[in-house]
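Worksheet for the structure shown next.
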């Protein structure tokens, strides 16, 4: 099942550069692990904003939550989630 | 270049069923013509809502507008548009 | 899988009483058919408002959409959908 | 009487991991105490977000407030409360 | 139990004066019947706006809904409801 | 003249327990002083939220401001104020 | 006592030109009657919008409501009201 | 002096095609008259939406209002206006 | 030219009383300097809120910005600005 | 391709003056480098607010993001981006 997820990052102002860099490195590792698994299908940057839009193809809502909440920056992001289904006008057979 | 577009449909309350059906048929034709062209890559329904989320891969902002504004229901939709670019953590080489 | 759905009804002002009553009767029939199937688990009224909160237990996002969009008043409601999963602090084994 | 409650958690950015873990442990204890009492009927996670949706069945608005405000993270949550009543289309005799 | 209720009236633009006056007369009758019963304790106008703020003292959320939804203008109002309880700093013994 | 005032408290996250308790004690004293004067007529807790709804009966807008701004937590609250007047449908002669 | 009032006009789309002009003429008459009385002190247009900002100096909230609700377009405006008082930094002795 | 103006068009649903086309023709004439005068400097379409963003260089707020309110669709648009001034980091000498 | 400006003050929670008092003193001095110049015409407190509404009569948008941004609390306020012009129904010849 | 970008600056309250000044200097350098390149066409201040409106003429969404995210204050700004295209009523041949 497919979800579209928007994440807006709010870096705490009290973090120094070392702490921020540590988070950025770990965020990348975690995100790429899930992308390589095939479950995190797309990861796009919203042009000009500290936000991303992602498409995930998961087994269940619980798996979606496991993936998103494993991101080190999870407590510092404002997240919107939409559950997707097949559109009657869609030409494409597969969802992805 | 990639855009993600959300469309919320507001059917005018004064339309009778014939008028509505006529619009729905023409909406489907227009949307499928653009999907078959390869420019309208994904068309998903938001589960439980009269809304859709779409991904378009176009040559320019003008082409995006040509496609979206050619939909018969265009004047009756609330539309949000996000311009996408490559995310530094993305594993996938291509955007789509 | 579990969804929580909020529906706010906006009766078109041009409807006469007959048309409204016809919709209300058919809305009740459709809603009760799904409740009896066991998929629409709870249907609550928000006290003092023309709104309801529902819990649905469905096979897939597509099934959720089939149920919600079968309601005669579907085009005249503002709908919010949340996909639910297990909370780590939940005592109850089952979701419902 | 039934209430549906949404809680969005905002962990203060100045907390270190020890302080956060202490709160999480106490939050779980408090929440589970009320669940076991039968008054906190459902506790669900919103998939992909640091939020929950809960259903409480209490004696009075004062009892609702006693329960919610006993949570250690109460001052750090944005909370929405809806008072529920019987829907005329509901099939189920009991509210829960 | 106490509720505070805000109601914003949106008169449908297609109503003629006769229809509007008929609604206003019946709205007044219904509202005053409930005020005289003692359940609708206060009815205030928000100065300069087509809105009111009311305090109701009812037996249950169902009774609140019965009262509010009996108003002829109920389908044409945007309504916000807050369930109240005792404040720890309140001096007054009774709620009203 | 009557005002209805909603206050949402946002305790600064950097405050320790001593500082918070000091504020809570002084907040109670100030609030009760005004209640006993008869000018702060009602003080209710919104069930399940760190908010209150109050009704004040004052001589002037300046007096309202004097009362509200004397609260120690005034700089840490989000406050909404509505000026009330007599509703044409009100049965009760007095405003309070 | 001073109020600042913002009014956004929403002309019903079903009105023909005659009806609209009739309203505009009567709106002007009513508004000017109150301005000449000295109670409606300022009436400004927000540049580029179908909105106005007004300052009224009235005896009571009831008088404010009498004035605003006497406008023929009152049911077709979205209105925001702020009750004003003396600012501690104000140099001017009088409020107006 | 410079203003940036966003206009969102809401075509009334009751208009037939002839009426709509008449408005579109007159809207174009009016808009182009002001562009040719040099006062309406830029007129851009927001890609994928029935909205535009414009930059106007006018003598006064009154002139801005004269221009915007002369548009036939003025009563059917939601308009946001920002007054601009020189930015300390701007390299360009002239504002336009 | 006339502007109406709303300012909501958000005192940083980390400031101690000395720092806050220093800002309040300098804010008053700056604000009164501009009031005495005749450019800052009105400064009103919104009753019950840490907000003010002001009317400024300036030569240009740049002068407006010079005045507002000279306030010591400028970086800690949420500010809304409306550019005003003459209303066709205004009786008063002068704007102020 | 053209973008219009609004940036609202939120200076972290914990920064001292030296740190703030360092950021302001580097912000100016970065912004002016891009303006001189011809890609950042306009940079305007919104009168009376700590915000700016900019017009950028770039090769791609990726280039837009490179420019905006190179600003030192990028993590401390709330940014809105609109992708622009040619308006059918535009008189001007070029977009800028």
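First chain written, first letter: the chains are A, B, C, D, E, F, G, H, I and J, and each begins at residue 1.
Operating definition for what follows: a residue touches a chain if its C-beta (ideal position, glycine included) is under 8 Å from a C-beta of that chain, and two chains touch if they have at least 3 such contacts.
These numbers were taken from a predicted model, which means no experiment stands behind them.
Trainee: Tell me which chains count as touching both chain C and chain I.
Mentor: Common neighbours, chain C/chain I: none found.
Trainee: Find out how few touching-chain steps suffice to connect chain C with chain G.
Mentor: The least step count works out to 2.
Trainee: I need the common contact partners of chain B and chain J, sorted by label.
Mentor: Common contact partners of chain B and chain J, which must touch each of the two, are A, H.
Trainee: Please compute the angle of the rotation superposing chain A on chain F (C-alpha atoms), rounded to a multiple of 5 degrees.
Mentor: 145
Trainee: Where does the B-J interface recur among C-D, D-E or D-F, taking recurrence as more than half of the contact pairs being identical by residue number?
Mentor: Answer for the repeat of B-J: D-E.
Trainee: Can you work out the whole-Å distance between the CA centroids of chain A and chain J?
Mentor: Measuring from centre to centre gives 26 Å for this pair.
Trainee: Go ahead and note the Å separation of the Cα centroids belonging to chain D and chain G.
Mentor: Result: the chain centres lie 44 Å from each other.
Trainee: Quick one: which residues in chain A touch 2 or more of the other chains?
Mentor: In chain A, 2-3, 13-14, 45-48, 61-62, 64-65, 81, 83-86 touch at least two other chains.
Trainee: So, with touch as defined above, which chain pairs make the list?
Mentor: Once each pair is checked, the touching ones are A-B, A-C, A-D, A-J, B-C, B-H, B-J, C-D, C-E, D-E, D-F, E-F, E-G, F-G, F-I, G-H, G-I, H-I, H-J, I-J.
Trainee: Could you pull out which chain H residues touch chain G in their complex?
Mentor: Of all residues in chain H, those touching chain G are 3, 5, 12-15, 61-62, 64-65, 68-69, 74-76, 79, 81.
Trainee: With touch defined as at the start, can you tell me which chain A residues reach chain C in the complex?
Mentor: By the definition above, chain A touches chain C via 1-3, 60-62, 64-65, 81, 83-86.
Trainee: Which part of chain I faces chain G closely enough to touch in the complex?
Mentor: Against chain G, chain I makes touches at 2, 4, 27-28, 31-32, 35-36, 42-48, 52-53, 82-92, 95-96.
Trainee: In their complex, what parts of chain H are in touch with chain B?
Mentor: Touch list, chain H to chain B: 11, 13-14, 45-50.
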